[in-house]
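In what follows, chain A forms one complex with chain B and a second complex with chain C.
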Partner chain A sequence: MTSSRDPLLIIENLTVDIPVASGILHAVRDVSFTLERGEVLGIVGESGSGKSISSLALMGLLPASAKRAASKLEFAGRDLLAMSDDVLAREITGERMSMIFQEPMTSLNPVYTIGRQLTEVMLLHGKGNEREARERALYLLEKVGLPNAKTRLEQYPHQLSGGQRQRVMIALALMNEPELIIADEPTTALDVTVQAQILRLLTDLCDEFNMAMILISHDLGAISRTADRVGVMYAGQLVETGHVKDVLEAPQHPYTIGLLSCTPKMKDNSESLLGTIPGMVPSLVGEVKGCAFANRCAERQNECLHRSPPLREFAGAMGGIRRSRCILKPGWDGEAKAEGLDVAERVNVKDITKTGEANVLSAKNVACHFNVKKSLFGPAQVLRAVDGINLDLRAGEILALVGESGCGKSTLAKLLLGVEQPTAGHIQLDGQDLMATASFERARRLQPVFQDPYSSLNPRKTIGQSIGRPLDLHKIGEATDRRREVERLMELVGLPRRLYHSYPNQISGGQRQRVAIARALIMKPDILICDEPTSALDVSVQSQILNLLLDLRAELGLTYLIITHDLSVVDYMATRIAVMYLGQIVEVGLKEKLIHDPSHPYTRILLDSVLKMEPGEKIPKTEIGGAFPNALAMPSGCRFHPRCPLAIDKCRRVAPELGTDNVRCHLSSEISSRTTEMVPSVSGVEKEVPA
Partner chain B sequence: MLRYAFKRAVLALLVAFTVSLVAFFLLNFATDPAEIIAGEDAEPEVVETIREQYGFNRPLIIQYGSWLAGLARGDWGESYYWRKPVAELVLEHAPVTIQLALMAVFVTLIVAIPLAVMAALRPNSLLDRMALSTAVMAQAVPNFWLGLIFIILFAVTIPIFPVSGDSSFAHFILPSIVLGTSSVPAVMRLTRTGLLEVLSSDYIRTAKSKGYRGFKLLTRHAMRNALLPVVSVLAIQLGHKLGSSVVVESVFALNGLGRLALDSIIGSDIPTVQMLVFVFAMVFVVLIFLSDLLNAWIDPRLRLG
Partner chain C sequence: MEKRHEIADHSAASADEVPEELTPRLLMKRRMFRHKGFLLGTGLLFLLVLLAIFAPLIAPFDPFDQVLSRRLLPPVWAEGGGWEHLLGTDHLGRDYLSRLLYGARMSLIIGLGAATVGCVIGVTLGVCAGYFGGRIDQVIGYLLTCQLALPGLLLAMSLVFMIGPSVPVVISVIGLLHWTYYLVVTRAATMQIKQLDYIAAARTLGSSHSQIIIYEILPNLLNQIIVIFTLEIGIAVLAEAALSFLGVGIQPPIPSWGLMIAEGKNAMYYRPWLVILPGIAIFIMVISTNLMGDGLRDVTAPDNRS
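Entry: the complex of A and B
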C-alpha cells in the first residue's frame, strides 16, 4: 500500500447500489484498496457485508440492475471505469483476471466436457490454438492434483467429486496465466481435509506464478494462513485493513475485535465463553447514518450515531499502512479489550469438564442399510449408511459426532431420534427400546434441532405457532397456558416477545435458530440432538447460539448430541467426541484426550487439517490419500486403508474392531506411543468417483 | 448411450403393448361389432352368421391374439365401413396429416423460440410482457375460430391462399399456421422459463467470468441446457398435432388421419378406430423415445448417469 512498487489493482471509493423492492441497497460503500503483484489479500466479513459483491463488481459480473461507481478503478495500468462491459469481457475478465467461485458443484456447465470448458477460455481470448489449449489444460490438471488428466478432459462435471470439481475450477482460472485471481469462499463447500489441500495449492500457485489473489472468506483461520494483508468488511465498508499479523493479533476496530472473540480458536483450553456481538447488521437499504457498526459497538460514543467515522491511517507493526474506520484513535486499548473478552463472566456455564455417568440413549449394534436401485431391472446395491454402531449418550454430557460429509452422521441422528428405523440392532432410551416407546414419551425426552433454520420452519406459521406446535399436537394445556409457555420459552432463548406474531421470513437466521431451539425445548426434553446447529450461521451468530446452548444446559441440565463437521465448534462445546468414518465409529474419547492425543490416523488427519488461526503460518501439509470413497463400494479390510498413510498389509485384509481403547485401528497402540509430531505425508491419488 | 437407448426402447415396447391391450378391449367391450356390420334392424340370425363368419364368437383374448399377430404381419384388418384394408386407409391419409403436423411444428418453432430468447434476455421488458400476453391470447383462441377467420381474411377477402383442400403446398400454409400457433404459448413459455433459469445459474456466471457475453454466451453455454425440457414438450406437441388435427382438417377440408378418425367413429368402424387409436399412441411412443434419445445426447448426465 505504501511504496507501491507496481500496484496491480487500485480501487478508490468503490460503491455498488442495487435497487430492491424497498429502495436502494447500498451493498458496497466507499471501498478503497490497492493490491500489488504476487500479493494475497484476504477479505473477511459476514454474510451481507458486501465482500462478494465488490469482487463481482471488479469482474463485471454484477446483476444488470446494479450500479457501480468509483473515483478510480485501475487494473495493471488500465482504467476499468472507462471500459465498456464488452471490452472488459474481451480483454480483462477470464484473461488477466479470473475468479473461483464458492459452489464447485454448480459452477461447471453440466452438459460440456471438462476439456471443452477448460480449453474454450484460452481459445476465446485468442491465447492459443486447440492443441496448445489442450496441452495447457493437461498441464494444469496435473498441477492442481488431478491425475489421469487425459481421461479427465473427456469427463463431465457430474463424474467428479466436489473437491475434484473445485480443482478443475482452479485450473480453469489459471488457463490464461492471469495476473489476479479472485477466490470467493473457494473451500467453504468442501470437507476440512480437502480445504487445507486446496488453499495450500492456491497459495503455492500464487508464489509460483507471481499472481495476486483476493481471497474472500468468513473463515479467519483460513485467512490467517494464506493472506499477506487482510481487509475486514462490515455493512459494505472496509472497516479495517493491514498486515495479517497486525489485524488479527492487534485488532483496532471494535468489529474486528468482536469477530475475533466470536471465533472458536481451538487452542486455549480456557473455560471462557466465546464473545458475542449483540444486535444485528443494520439494513443497508436507504441512507445509512453514522457508523454502521454503532448499534452493536461496545465503544459507541454519541458522535458515532450521527457522523460517519473517519478512515484513520497509521503505521502497522509489521510494516505498511494500516487503516481503521473508527472514531477511536489507533493505539487505544483494543488489544487489551480483545483479551478481556475472553475472560469468562460465567465460568460455570461452560463447565464442559462435567461428563455424565448414566447412559440415557444407547445405540446397540445399530445399522441402517438402504437398497439403492440404479436401474429398473438391475440388482439393488446396499448402501451401508450406518453399519454396526455402538454409542452411548450419557446424562449431562455434550457428545460431538464428527466426520466428513457422507460418513453417515446425519443418518445416525435420525436413527437416534426414532425418525428412521434401524435395519439391525436397536436404540435404547433409558434401557427401553426406542421403537417401542410411545411417540409422546419420545417427544418428551428427545428433540431435534436441525441445520437449516430457513427451511425447517413452516413459512405460513407464526413464530408463536411454530414453537407451540408440539403442545397442540400432544394436546397439552389450555390455549392460555400454551401461550404463556411459548412466551416463557421465547424469553429463555432470548427472543423478544413481540416476535410472537412474526413470520419466519421477518426474522434473522440467528433468531430462526433460536425459534428452532425453543420449539425443541417446549416439550421439556432432557436430550437435544442438534444436527449442524450453526453451520448455516455467521460466526457472530454462531457464538450466540453456542453460548445459548451452554446456558440452557447449565440451567435445565440438558444432554446434547451435537453433529457437526466443524472441529472448532466441537472443541468449544464437547465433553466427549465420537469420530465417524463410512458408517462406523473409528474413535471415541473424552475431548481432552481425543483433541490432544488422537489415536486413529483419521482423527489425526482431521485435526491436522483444521486451519487454526496462526497469522503468518503456512498451511500444514497433511495430505490424506484419495477422495472420500463411495459408500456403495466399501473398501476391504479397514475402511480407511485406501486413504491411510500408515496402512500395512493387514489393514487391507482384516477389518479392525473398535478395541478396548475405543479406537478402530490395528496400529492404535503403536500410534499413541509415537510423538505427536507425526505428520502423514503420503501424497494422495484421487480415486474415480463411480457414476 | 447404447445401454440407455436399449432401456428406453424396452420401456417404449411395454407402453406399446399396454396401449394395444387398452385399445382393443375398450372398443370390443363397448360395442358388438357383429351388430354394427349387420346394420340396424338386422335379423338376429344374420347377426349370428356374421359373428360366426368374422370369428366374433371366439373368446376376446383369442381375438386379441389374432389381431396382435395380424399387426405383426402387417395385416391390420379390414374396414367394415369402407370395405378395404385398414392399412391401406391409414397409409392413404397419413401423408396429409404428417405434412400438416411437421409444418405446424415448424411454425411453432420459428415463432416461439426467437420470441422466448428475446423475452428471456430482457425479462419484464415491454417485449417480454407483450410476448407473454400474446401467448395467453393465442392459447385462448380456439383453432376452428382462428381457422375460419383466416379463411375469410386470407382466402376470401384477400385471396392469396386456397380456401380448402389438400392438393398443393399452398393449401397447407393456412392450416399449419392455425395448428402451429396453438402450441406457441406452451413452447415459448417453457423456453423462456428454462432460459431464465439457466441464465441465472452458477455455470453461466462462470462463463461470464471467462469473458463470454451476449449472443456467444447464449449459444455456447445457455441454449443447450435450456433446450432440454423443450425437446420433450416439442415431441408431445408434435404427437398432439398428428392426433388432434381433426378440427383443423375439418375446417380446411384436408383429407388426413383426423378426418379418417372422425368418419370411422361416426361409422362405428371398429377395426379402423382401433387401429387409429393404436397408431396415434404409437406415434407418441416413438416421438417420446426419440426425444429421450435427443435429450440423452444433449445431457451427459442422462447418458452416463
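Entry: the complex of A and C
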C-alpha cells in the first residue's frame, strides 16, 4: 500500500495538558510516532485514552486553555511547532491535512448547500476559482459514490442520509488534495452495512491518491482491516505500536492482550466467556505514578507501581519497528496468555431451563403506527414503525433482535414492555393479554435495561434510591428490608457497597449499567428486555456487562430479549436470532443456523458487513444498494427489494410472507440451496434519497 | 462468577475510601456550610426578615408620623443631613429609615408571595404541557399566547379595582400575571426529560403519571425553577411599585419599597436619595435571594457532587 518511504509526519514526545477544575489533566502523555506517505495508521483505545485529543493537537483544534508541547512535530518537512495558528490554518490544515469527524449529522452546516460547503474549502485556500472548485466538487462527489452529483450540489445536508453525509464529509476533506487525512471514528455513528462501505471507500481513496491516514477507532475489527500499522492508546500514552498483524496477532502489552480478549470475535462456536479487564481507566488529573495500567494489569509486578515502564523497541515479525511500553521483555509468553485467557467456560444454559419450549411472551400480528404531520394543516402520514410482527420469546432463551437503526426494534421493545400501545394485534404474557394485565403485575415479570446508562438513571437520585425505587413504588417490605435487599442486589451485580449514596454522575458508565441491571432485577422478574445494553460502553466494559448478564441468567434463570445492531454481541450472547427490516421480521432462526447459513438476502448482507478481526484482510465488498429507506414511504412489494442484489420482478409487486421456514423472501428456497456466491451488483452506490 | 465480582469489587474499593454512612443529606449540609455565596445570600435574607419582623422595635420613628416642617431632609452623609433622621425624610416629613424597615415587611411578603403564586401556576402548566403534549400542550400554548398578548398592567389594574385593593389581592394578581417564564422554561425542560430512559424505566415499573412527575421530573427541574424564582421576586416587587404608583397597589400611607420609589419619583431630580435608598433595599433583597438560589442550585446540583 505504501509507495514512497519518506516520513510525512513525525511526532516526538507530544504532550497535551488541559487545566480542569480539579487540577491539570494530562490528556496526552509522551506520544511519538511517524507516518509514511500513503500509510494508514490505526489508533485504538477506549474512551478517555486521549486518541481524539492527540489528533486535535495536530490540527491545532485544541481548546484554548490546553497546552501542547512536543520535542518534534514535523509535517512534510515543515515544523508545526514553530508555526503560528494563522499560518497553520492557512497553509496546512484543511489544505494538506484534513479531518473527518465522527458525527456526520452535526459536522455539516445545515443552512448552506452541499455545493457551497464543498467549494468554500477550496476557495478559502485560494486553490482555484469558483468554476474549478465546482468541477472538483462534482468529481469528488462521484468519486465518493454519490450519483447525480450535480443535483447534490444544490441540496442541503438534511436531504441526505447519515451515510451520504459522511460521504460528503469525505469529499470535503479531499477537496484540496490533502496528504494526510485524520478520520476520528468516521463510522461509529453509522449502521454496519454503511460502515463497511465507508471504510472501504476511505482505504481505496488513500491508495488512489497516495494519502496517509490516521484512523481513530475503538473498533478492533475495523482497524484490523484498514490499518497498515496500529497504535494502542491507554491513559494518554501509546502503549504499543507496530504492524497490524504483529500487534493484533502477537500482542505484547498486557493492555492489548486484555483488549483483544474482551472483543467478541465471531470466529468459532466457543462456549467460553469473554475476557475482562477489571477496574477502570485511571483519572489523568495530576501525576500518574508508575505504569498507568498497573492497577488493572494481570502481569503487575511491584516495580510497576513506582516506576514508569520503559518504551521497548524491537523488530516485528512483519517488518518495521515495534514498540511496547511495558516492563515485560518482548517475547514473554504474551501470545500464550492471549490464547489462555479464554478459559472460563460459560454455564450451559440448557441445564438451567427445562421449559425451553414454552412461550413466555409472544407478539401476535403486532403493529404500531404513528401519525406524522409535517405541518399544522398538512395531511397526516402514517409511519409504520412496527408492522405485523409475530415473535415468541421462549422461557430461558436469549433472543436477539437485530436490525439497522430506524427498523423499529426499539418501538417493538416498548410494545413488549407495555409502555407503548399496539395499534393492532396483541401481546401475550403467559397467554394473557399484556395490556390487560395491571402495570404492577407486568413490572414484576418484565423489566428493561436501556442503552444509555447516562440517561437511564435519574441524576437527582442516589444509586441506592434508584435501585430501591421499585420496592418503594410497590410498597414491598420495611425500610430496613429494602436497604438490605438493595445491598444484596448491588453485590449481585458487582457494585461496591460504598456507592449506595453516590449519584449517577459520580460513577463510571459500566457501573451505571450495573445499577440499571440491579434496578431491573430487584423485582425478581423472569424476563429482561435489553435495548442495546452495551452499545454506549467501551469494549472492556462491554465484556464485563455481557458476562454479568450471562452469569445472572445462569444464576436466576432469566429469559432475555436483546435488541442490538452489533452482530458480534449477538453471536456471543444469543441462542436465537430474529432479523428485523422496516418494521417486519425478515428471518428468525437458531443462532447456529442463522449465522452460518442465513437464508434472507438481508441477513446475508448484514453478516457480510461485519468487520471480523482479521489483520491484513481487506474490507469486504458488501452488495447492498441504496440507503436505509424512509419508513414514511414504504417500497412496494418486498420492502427490501430496492436494496436487494437478488431482486426479481415479482419482488417489486408481491410482498412476501414469513414462510414456514421463518424467512420472508420469495427466493429463500433458492438461496439456502445456493453456495455463498451471490450476483454482483452495484456496490457503494446509494440509489435512494430519503426525504 | 464469584471471582470476577471480587476483582471488580476490589479494584473499585481501592480507588478511594469513603466512610460508611455519609448520607446525601449530611453531605448536602456540609456543602451548604462551605458555599460562601449561599451563606452570604441566606444570611442577608435572614437579616432582612429579622429587620422586617422586629421593625416596631428597631425603627426610630413611627413611619406614619408626618412632620411637614422637616420635609425632604437628606440622609446623614449628605449636605444638610442630621443624625436624627439617619436616612432623611420624605416629602411628608416621615422618617425614611423607619419607612424602609416597615416597607421590608410588605416587599418581602409580596415579592415571595407573588413569585410563589406564579411558580405554582407556571410550573403546573409547564410540566403538564411538556409531559402530556398533544392537545393539552396546544391549549396551554394558547393560554400562554393570550397571556402574553394581554396588557398586564391594565389587567392588574382593573382586577384590583374590581375586587378592591388588599395585600392578598395584590399578591394573587401579580402572581397571576407572572407565570409565563416558569411555563416556557419548565415546558421545554420537561419535554427533554420525558425522552430520557429513566422516565421509560419508571413507567415499566408501573409508576403513574403523577408519580413520574413528582418523583422523576420535578427534582430535575429544580435548577431552572430556582433561577426563575429569584428573578421573579425582583420583578414582583417592581410590579407592586407600579400598581402602587397607579393607586391600586398597597394603599398609602402603608410603606412598601415599591411605593416609596413611586412617591419619591417626583422629587427624584433634586432629592435622588428618595429613589436610590429603596432601590438599594430592593437590590439587596433580590441579590440575596439570587445568591441563595444559586447556592441552593450548587449544593443540590448533580454536577457538583463529584
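The working rule: the second predicted complex is superposed on the first by the 662 of 691 C-alpha atoms of A that agree within 3 Å, B and C clash if a C-alpha of one lies under 4 Å from a C-alpha of the other, contacts with A are read in each partner's own complex, and residues count from 1 in each chain.
As a convention for this text, contacts are C-beta pairs under 8 Å (C-beta built on N, C-alpha and C of every residue); 3 or more make two chains touch, one makes a residue touch a chain.
Being a predicted model, the structure only gives us computed values, none of them experimental.
With both structures placed on the common chain, the touch criterion links A:H596 to neither chain B nor chain C.
Shared-chain residue A:R484: touches no atom of chain B or chain C. When the shared chain is aligned, chain C comes close enough to touch A:P470, but chain B does not. Legend: residue contacts after superposition of the two complexes on their common chain; A:P278 is shown touching chain C, with no touch to chain B.
In the superposition on chain A, contact is made by A:D551 with chain C only, not with chain B. Using the contact criterion defined above for the overlaid structures, shared-chain residue A:P459 touches chain C, although it does not reach chain B.
In the superposition on chain A, A:T106 makes contact with chain B only, while chain C stays out of contact range.
When the two structures are aligned on the shared chain, A:R296 is found in touch with chain C, with no touch to chain B.
Shared-chain residue A:R653: touches no atom of chain B or chain C.
Looking at the superposition, the partner that touches the larger set of chain A residues, chain B or chain C, turns out to be C. On the chain C side of its complex with chain A, the touching residues are 1, 4-5, 7-15, 17-18, 20, 22-24, 27, 196-198, 200-207, 211, 215-216, 219-220, 222, 300, 302-303, 305-306.
For chain B in complex with chain A, the touching residues are 7, 11, 201-203, 205-214, 220-221, 224-225, 298-301, 304-305. Put simply, chain A touches chain B in their complex at residues 59-61, 85-86, 89-90, 92-95, 98-99, 101, 103, 106-113, 120-121, 124-125, 156, 158-159, 169, 172, 375-376, 691. Contact residues of chain A toward chain C in the complex are 276, 278-280, 295-296, 414, 417-419, 438-440, 442-443, 446-448, 450-452, 455-462, 469-470, 473-474, 491, 494, 496, 498-499, 501, 503-506, 511, 516, 519-520, 523, 544, 547, 551, 554-555.
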